[in-house]
Structures are given as C-alpha cells and as structure tokens.
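Shared between the two complexes below is subunit A, which has subunit B as its partner in the first and subunit C in the second.
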Partner chain A sequence: MKRAYGKVKSIQKWPYLFLLPYLGFYFMFFIYPTIYSFMISLTNWDSVAGEANRKFVGFANYVRLFTQDKLFYKSLGNTFLFMIIYIPILILGGLLLAVLLYKLRKTSRLFQTINVLPYITTPVAIGIIFSFLFDWSTGIVNNVLIQIGILTEGINWLGSGTMARLVVIILIIWKNVGYYLLIYLAGLSTIPEEISEAAKVDGANSFQVFWKITVPFLKPITIFLLLTSIISGFQLFDEPYLLFSNINSSIGGPDRSCLTLMIYFFDQTFKSSTRLGYGAAVSYGIFVIVLIVSIIVSKIINRKEETEE
Partner chain B sequence: MIKLKKLLFIIPLLVISVISLIPFYFIISMATHSTSEIYQGNLLMFGGKLVENIQTIIEGGFLRYYWNSFYTASISGILCVFISAMAAYALTIYRFKGREFLSNFILASMMIPGQISLIGYTIEMKNLNLINTHIPLILVWGASAYGVFFITQYLKNSLPKELIESARIDGSGEFRTFISIAMPMIRPAIGTLFMLVFLWSWNNFLMPSTVLTQSNKFTIPLGIQTLATAYTQDWGARGAALAIAVLPILIIFSIGSKYFIKGLAAGAVKG
Partner chain C sequence: MKKSINKIAALAIAMTMAAGLIAGCSTKNSESTDSDKSVTQEGSNETVSSDDYSQPLPEDYEGTLTMWGWDDPYYKAVTDAFMKKYPNVKFEYTPMANGDTLQKYQTALATGTELPDVAWSIIDSRAKVFELDMWEDLSHAPYNFDISEVYEYLHPKMVNSKGQVCGIEQSLCPAGIAYRKDLAKEYFGTDDPKELEKMFPDWKSFIAKGQEVYEKSGGTIYMWPGLADAQQFIREQGGKTWIDGTVIKVTENFQRSLNLTCEFRDTNIVDKLEAWTPAWYASFGEGKHIFAGCATWSVPFTIEPNDPEGETTGHWGLMNAPEGNISWGGTTLGISKTCKDKRLAWEFIRFATLSTEGAKALNSIGLLTSAIKPYEEAPELKSFKSKWFGDQDLGAYFLDEIIPNIKSRNMNLDDNVVHETLNLISTTLNNDRNMTADQAMAKLKEELEMKLPDYTVE
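Presenting the complex of A and B:
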C-alpha cells in the first residue's frame, strides 16, 4: 500500500517537468520581453541617442499617441477601411466557393491545394509580385486591359491613393480566399447529411437548405474566421510594405493611403525614426485597440445569439 | 441536365483557380526573359534566359539566404514540435493541480499579437549578444500556444490512456513512455505541426529584419527584399529570385497537402 502511494507521488512531479520547457520559454521570451516593452514605453529611449540618455517620461508617449499623433490615426483608419471591405468579401466568397466545391468530392483536394498556394506563399514575395503585376509601364495588368480594349492607356495603380488601396485589397483577397474556402469546407464536412436530406424530403429547395441549415450550422466557423481575421487584419504588414519598394514613394504608399498600423509601428521604431520608447507605446496602443475591437465584436455576436434564441 | 449543373459548379472554381495561379505563371515567365524582353511586354510565352538570370542571383548570394532560412526553419520546427508535444502530453495524460488554469492560460495566449513583445525581445537579444545570429528566430518557437493546442486536440482523440497505464505497470519510466509510446502514436500531428512552423518561420519578415543587419545572415524574405532593390534594372533576375524563393516550397507543400490542409483547418473546426 505504502509503495503504491509512493509511486503515485513520484508520478505527480512529471506533468510539471513536461510543462517546464514550454513555460520556461514562454516566460523568458514572451512574458519578460512583453513587460520590458511596457517599461520601455514609459521612457524616451532612442536607440541612436543611446541607453545613457534614456529618461522616464511616465505616460507621455501614450498621451501623445492618442491625442496628437495624426499618422497613428491615419494608419488606424486605413487598417479599418481595408478590413471593412475585405473581410465580408472573403467570408462570403469563401463560403460560396466551399459550397460549390463540396458538391464535387472527387476533385476537391486538387482545387483546395491550388487555391491555398497564395496563402502559403512568402508574403514579402507577394508584395513584390503584385508590384510587378500592377506596374504602370511594364505591368501585366495594364498590358492585358489595354490589349482587350478596356483601357486606352495604363492606369498608374500604385501612384494614386485610391488605386493603391484597391491593389492592396485585391492582393489580400487573392491571398486569403483559398484559406477561407478550406476552413468552410472542413466545416461543411461536419454537417450530418441526414439533416439536409430530411429537409429536401420535406420539400425545401437548395437555396432554403443553404440558408436555413448550412449557414446556421457553419456559424461557429464564421465567428472563428471573423475574430481571427480581425486579429490578423491588425497585423497587416509585409505585403503593403513591399508593394511600394519598387517605386520611390513614401512609407505606406502615395498619400500614405496604405500605411497600416504595423507599418507605422515598424517605421517609427526601426526605420524613419529610432524611438524605441514611442514605438513600444505604439505597439501597446495597437494591442489595446485589438482587444477593444475583439471584445465589441464578440459582444455583438453573443447578443445576436441571445435574441435569436 | 446533370452534366450542365455540374459544369455550373466547376466554372467558378476553375476561374478562381486560374486567378490563384496566374501570378505564379508570370513570375516563372519573368525568370526566363531578359529585361528588355520584359519591357516589350510579351510574358505569355517563356523565354530562354533562365540560366543567365539564375546565375545573376546566385552571384548575388541567394544560396546563402536559402541555407539560412532552411536550417533556421528546420530547427524552429523541431524545437516547437518537441516542446509542444511535451506540454500537450502533460495536459492530457495527467490530472494535477493547476491543469485547468494552465490549459486556459495557453488557449488565451493564442489571442495576444506577438509584436507586443517585439521591442523588448530585440533589446533582450541584443543584451545576450545574439544580434546577427539566427538564434533569436528560433527561440520564439520554444513556446507556441498554437502548437500545444494543436497537439492536445490530437492526443485527446488518438492516444488510449490504457496504453500509458499498461506501460507504467510494465515499469516503463514516464519520459520513456512519452518518447517510445506517445510520440509514435501522434506522428501525423507532429508532421503537420512541423510543416506549419517551418512555413511560418520561412515566411517571417518582421523579426529577422529587427535582429539581422549583416547581409550574409539574411533569410529568404530579407534576401528577396534586398535583391528586389539591388537589381532595380534587372527584372529578369528579380523574377528568378522570386521564383526560386517561392516555388520549391510550394511544390513540397503541394505534395504534403493532405497533412498540411488538415493542420490549417484544425483550429477552426475544433474551436
């Protein structure tokens, strides 16, 4: 009896030992630098001026960020604008394509693989590829549009604010629609077939089945996609950053029309200026906004669910 | 009638697939042309300048970037898989104080955007003298909440607890049980997670651009950026750089798409 107890006790330390490496890495390389970033955000540390000239400034960086920094608000507005346009298109497009693909079981894997290729392509490369495709003089897009007679002369896609934004949105949709398709397709396969069969026996047409059965069934997936695309929408960086590397333009494109929050954060901290303190405040500012938006969106979703029930 | 209906399904899917592939086609085409041919604008047909273009970028040091990315991504993948599997094993097999809390804590930390720690992390790496090494790019993969979540899901469904019990009765030590019984049983999950982490590490641009300044240490994304700005007049070479950076990975992932697609979908369907 005593021996058995001793054995159980010796097992008891094992879960902690198995978790130790994860927690060790997590505290050393995430929690510690996160707290450190916060401390830095309370200083005026500039990496060129050096650590010796660093002073504690309290919440001055945050006050400036939220009350005076026009570029921060501009980048926040751009980021929101992009998301408001591309998230509904991606959700709707991904859902419709998934429903179409679900009916063709045999070729499904091939279509999935082809359409997920843009999603797994190095984002830096995508930014540059699109800067080629939409180049004013040599770009394929202008060439094709002129040859089929839609345009008489090329559009300077990356030279004007509105057009540049359009290119960014096209890029994001091109890159992500295959991923949305994939996730919805996985969701569709969890719907029990008997339900839609029974509805059809009761006289429902395909459209009714889609609207009354498929869409409600996929709701958890839609919520997942919505929340993760909001979080990743705030991270938008590589593609718009590289899109303008080809032409001489200010950071974030013409009129800074494609300056996203992450580009602004990166540029302030490591490129145009080297103000680590202010940059850290920007990163915390972004975090707070992401948090608030996620909470609001989940509240809206939950309230809707309550009224529906 | 049935055939017509099927065609109606296939056409939009074909259109979208062609759109997905077109940019890759033009990149390959660019890689085979000289700059003046590209300016003339006929990229529908392939040209004969592929070898010259590839030579140009190899002289530009592209193989170095390739190797840097390859070994960094491989070690990141191995580190992440091993540590995630251990943590997931602890959370699914054992009942212990704090289990519930730790599970929720790891799940919640998936929602926190990583760049919040970026400045602190860069300074930390600087203080540890790790700037211009690839170690900072690897260390971040030691604690991946997604990795733990992913393997936990798989363990719950596929590892019978009786198997662990009987191994214990046979006198197998806890760590040996984990290595010789649990790990082989979750091999598909390990493969999928490795592929995902490899890809994320390979594609990462933000972190390498804060910790790497010497060009011989660059990874592929930094290399692409460098070449794109270095060869502003040589469009063929830029096309070749993009093609070589992107296509081999896409081919490997297409071959392994069965496991890989499962991995991408796992988070959504279970959560």
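Presenting the complex of A and C:
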C-alpha cells in the first residue's frame, strides 16, 4: 500500500514538469510584467532622472491621475465616444452584411474577400491612405464632393476636432466590418435551415425570420463580439495615431479630439514625457476602467439572460 | 525500460525549453565585457595606445560600429568615405524613425538592452534625449573635444543641462527663406536676393506686400504655403529660452508670433496647407506660393523632389528672412556609454563632423559640415549649388549671409511639449478663422497647464 502511494506521488510530478515551459513563459511574459508594472506605478521613475533616483511614492501617481489629470479624462471621454458610435454600427453592419451575403450563392466568396481585405491591410498603409483621401486641399473625398455639387468649398476633415473624429470612426468601421462579417457568417452556418423554412411555412416574412430566429440564434456571437469590441475599443491606438503622425501634427489630432487612452499612455510614457512611473499608473488606471466596464456589461447580459429564462 | 526512456526524453525536452527561455532573456553583459577588452586587442598596430584619442587610428584598424538612424543618404555618404580610409571597419546600421529616438533610447536604458555605439539625436527631442544617462561627455578626456571647433550658433544645441557635450552636429542647419524667382519678378519687380531683403526688412512689410500680391493675383498667389510653418519660423527668431526654471514664458516668447500668424491669416497672404502633408510637399512644384522656409536640408529633401520643372528653369532663390534667420532641424552624433569600441567611435565621429575628408563627403550630398576648420583648409567646401537655384551659390549664402543672422536659443527639457502644443494651436487657428491671437494665447496656456502641470505658465 505504502509502495503504491509512493508511485502515485512520483507520477503526479510529471504533469507539472511538462507544464513547466508554458508556466515559465506565462510567468515571465504575463505575471511578472503585470506585477512589475504595478510596482513601477508606485514610484516616481523618470528615464531622465535615471533609475538610481527612483523613489517609492505610494499611490501619489494614482491620486494625481484620478483627481488632477484633465487629459486623462479627456482621453477617456474620447475613447467612450468612439466606442459608443462605432461598436453598434460594426455589430449591426456586420450582421446585416452577413445575412445579405449568406443568401448570395454565386458571388458570396467574392464579396466576402472584398469586405475582409481592409481587415488584413496593415494599419500604417491605412493611415497614409486615409490622410491622402481626407486631405483638405488635395483629398479625393473633398474633390468628389465638390465635383458632384454637394460642397462648394472643401471640408478641413483632419483640421477640425469633430470632423477628425468622424474620419477616425469611418476608418475603424471600414477596416473592421469584414471581421464582424466573417464571424457572423460562421454563426449563420450553424442555424438549422429547417427552422427558418418551418417559420416561412407558418407565414413568417423575411424580417420576422431575421428578428425571431436569426438574431436569437446569433446571440452568443453578438455577446462575444460586443465584449471583444469593448476591450479592443479601450486599446484603440493605431488608427487615430497613424492618421495624425506627420511631423507637425499634435498628439491626438486637432483639439486632442482623437486622443484615446492608449495614445495618452504612450505619450505620457515615451513621447511628451519620460515618466515611466506615471505611465505605469495610467496603464493601471485603464485596466481598472476596462475591468469596471466589463463587469457592468457582463452583469447586464447575465441579468437579461436570467429574466429570459 | 521503455517508460524510463520516455521519461528521460520528456525531461530533456522540458529542460531544453526552459533553458531556451532563460537564454533568450539573458543580457549580453558578458559579451560586452569581452568586447571591451578587444578594443586594444583588435588594433593591429600595437604602438597605438587606446588612451591617445588625439592621434588617428592606423588605417588597417579593425572594428565594428552600430548605429540607429533615419538619414540613409547621410549615413551612406559618410560611412563610405570612412571605409575608404579604414577598409577593415564595418558598420551595422538599423533604420529608425527620428520621432522614435526618445522611446527607443529610454526603452533600451530601462531594460538594459544594447544601445547603438554611435547614437544619433534629432533636434525635436534632443533636450530630453541628452538628459538620459547614456552619453559620453565629448568635452572631457579621453575625447577632449573643443566645442569652439564648430560654429558658435550650434553650441547650445550640443550640450545638456549639466554642460556636457553629448554630440556634435552632423551638419549645419541654418534656415533663411527660399523664393520663387519668377513670382518675385512678377509681383515685386525683382528676383535679386539683396533687393528683396531690402524690400522685406520686417514682417509688417511682408504682410503689406502680401496684401498687394493677394489683390493683384485675385487671391491665387500666396506669400507662404501654410500658417504652421510661418508661425514656427517667426517664433524661432526670438532666440530666447522658452522655459526658465519652472516657468514657461509663453507670453514673452509667443505672443508676437501668434499676433503675426493671425494677421497673416486674416489678410489672406498665407495658404491653408498643413506643413509636411502631401499637399504641402506638392505645393513646391505648383508655383502658387512665393516664399517658404529653407534650411540646408530643404533643398534636397523638399524643393528638388517636389518641383521637377525647377531643375531646368532654376526658378528658386535664397535670401535672409525678415527679422533674422533660424536654426532649423539638425542631428548630432554622440558616443553611448555602452559603446564597445569608443576609440573607433570617436575616430568616426571626428572624421564625419570635424575633418576635411568628412566635409567633402557631406558636400557631395549638398550639406555643410558644422566644423570651421575644413572651410579654412579647403575653401571650395563653402560652395554648393543646386540646379533649382540657378547660379546662386547656396553654400556661400548659407555660411556668409544666413548664419550671421541667427539667434540661437538654449534648449529645455520640455521644449518638445511646448513645440507640440504650438502645433495644436496653429491647426486650430488654421481651421477656426475667427479665433483671435488672444484666444489662441489663452488656449495655448490652458493646454500647457494640462500637459505640464508642474510648471507655472506665464
């Protein structure tokens, strides 16, 4: 009995041993940086002053961030504004496009490819293309609008705060709608055809089939897309940053209207300032906000599911 | 037996993966120590002492230098010339966007990874970059560089707040203004730079003439392509430091430039182009703008590539700007503290920035060396011409006419933030045609208070 127990014990160490490389990577590239970033956020570490002058300052960085930093709140407001506008459009647009393309038999593949192309294009190229398209004097968009008589004078798309936000939203939708389309197409293929056919036999029209069968069946996918959109929304960086990346542009574009949380973090840590300690506090501030929003959204979704049950 | 072989194999794989993980994260400290030793070993001539930095290295010296940079034509010109003299020296060049300099250097410092042996620093972020604990002080032993060897107006741009010389300017970057000779002849009756300088002693006369051009051309010809670059030129003419201790002297330094910018805008003498956008670049070939700021590098980088017609017509001219010229741009070469062969790095920097041979390499790409002596040794280096500027000797004009009228200002740690915020204000002024200079000033102060809360904004 004793021998058998000893054998079991010796066998149990192997799973841990096999997991060691993965756990090693996980610890080194996730756990350790996460803890270390938090430790940095409690210091006044500034690259210019040097690591030797790094001092523990407790929660001073957090107090400043949440009570005095107006730009942090401005970037937070901008990020929310972008998300509130583009997430519903992306989800609804992706769903409608998927439903339309699903019914197409012959040209479905062609349209899928066309819609997905922007998603696989590098953000740098997209940033440059859009800055060309929406240039005040030479941009194609202004020229087309003037040619067809909608405008008499070009709009300063990238020079006005409101218009700059609009361009960023258009860019995000154009780039990402293909991804939403693909996910919804995958979801549509899992809905049994006989349910829709039975509903049609019972007299349901196309809208009713869409609303009462397609949408409920796709609900798990919609929840997945919503949650991932919110999380990626807080990480919004590439599009607004690249659009205003020429030498004379200011951080976050005109009036800092496109200053998102991640751009602000980057600017505070590596661009305008070299305060690594404060930058780490900004990143943890973002983490706390993402956590709160995620909890609120999942609570709302769970409550809805409970009431439906 | 089979089981135990499996166990051994699995253990070996797990250990290999773990070892790879650890090895991948190790630093190269041991390697750099060995390399430090090799500085003296690598020199093939044993009589050369590593302490004597004033003497040139033997021409068969072997070594490798790493550099991160953004100006490929410059890099190619100087390293090719250096390798002709030292054929056994190799360079490892990593392209880097100049806007990323601060981020790359501070990340390397924070993580303990390797810095380049010869480190570049662009003027935009230089005040901060020079404060990083990564530079050899070139004014001290063993380098003993005498700063008076380079043009005086560059001195404040080569030192940090402690007075240490952290780098030497690659080339001179004085800026006057370029003008379209055809348009100047048509609207001002002359294309001679001296007569034009007399016509435009100050910005008020520039505005008055600009209004005449606007009326005469029916609003199709402008004095300057955009507000931002005009505003930048004017504010740099001040020559006074922007930040004094913990006080940002906004009103003193920027009120006049904002007043003039608004006047430029309201009198319609300036076009609406945002600087450095595709439309702004294209404007150099359109013949709609008479003047533009022009540094030495503007000729090969902005005028020549964007105005193909100018090569045959030579319709550009260079003149002193109203109320003085500015120092515009520039990149320094310095030695990082982690450099593995400081002796060779110094030899290269001395060659590229101070020697007559280096000056000749620069001259071949239309740039002027920042050192004084090469012009004394080879006066022909003062001269360079561009087909776009006809017969005008640009080199001589920059050296003899533009540079003496430059007021250089001391750098401050947060100049880059002030500069970036001023860009924000220029964009707003360009878009909101009703914004007054006072409103622009109030917005500038508000923005600076948000971005730099530890300073007093006056």
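Convention: the second predicted complex is superposed on the first by the 289 of 309 C-alpha atoms of A that agree within 3 Å, B and C clash if a C-alpha of one lies under 4 Å from a C-alpha of the other, contacts with A are read in each partner's own complex, and residues count from 1 in each chain.
One rule holds for everything that comes next: a contact is a pair of C-beta atoms (placed from the backbone, for glycine too) under 8 Å apart; a residue touches a chain by one contact, two chains touch by 3 or more.
Values in this document were obtained by computation on a predicted structure and should not be read as measured data.
With both complexes brought onto subunit A, simultaneous placement of subunit B and subunit C is prevented by a clash. After overlaying the two complexes on the shared chain, residue contacts for A:240 are found with neither subunit B nor subunit C. Contacts of A:255 after superposition on the shared chain: subunit C is touched, whereas subunit B is not. Using the contact criterion defined above for the overlaid structures, shared-chain residue A:21 touches subunit B and also reaches subunit C. Of the two partner chains placed around the shared chain by superposition, subunit C is the only one that A:159 touches, whereas subunit B remains out of contact. Of the two partner chains, subunit C is the only one touched by A:71; subunit B is not.
In the superposition on chain A, no contact is made by A:285 with either subunit B or subunit C. Greater residue coverage of subunit A by touch, when subunit B is weighed against subunit C, goes to B.
Applying the stated contact rule after C-alpha superposition, one finds that A:94 touches neither subunit B nor subunit C.
In the superposed pair of complexes, A:103 makes contact with subunit B only, with no contact to subunit C. The contact surfaces that subunit B and subunit C form on subunit A in the two complexes overlap at residues 14, 18, 21, 24-25, 132, 137-138, 245-246, 270, 276. In the complex of the two chains, the subunit C residues touching subunit A come out as 7, 10-11, 14, 17-18, 21, 25, 99, 102-103, 106-107, 109-110, 128, 131-133, 228-229, 232, 272-279, 282, 413-414, 416-417, 420-421, 423-424, 426-428, 430-431, 450-451, 453.
Interface residues of subunit A facing subunit B in the complex, by the touch rule stated above, are 11-12, 14-16, 18-19, 21-26, 29-30, 32-40, 96-97, 100-101, 103-104, 109, 111-118, 120-126, 128-130, 132-133, 137-138, 140, 143, 174, 177-179, 182-183, 185-187, 190, 220-221, 224-225, 231, 234-235, 237-238, 242, 245-246, 262, 265-266, 269-270, 276, 279-280, 283-284, 286-287, 290, 294. Here subunit B touches subunit A in the complex through residues 6, 9-10, 12-13, 16-17, 19-21, 23-24, 26-27, 30, 38-39, 41, 43, 83-84, 86-87, 89-91, 93-94, 96, 99, 102, 109, 111-121, 123-124, 139-140, 142-143, 148, 168, 174-175, 178, 199, 202-203, 205-206, 209-210, 220-221, 224-225, 228-229, 232, 235, 238-239, 242, 245-246, 249-250, 253-254, 257-258, 261, 264-265, 267-269, 271, going by the rule given at the top. Taken in their complex, subunit A has these residues touching subunit C: 14, 17-18, 20-21, 24-25, 28, 47-48, 50-51, 68-71, 131-132, 135-138, 156, 158-160, 245-251, 254-256, 270-274, 276.
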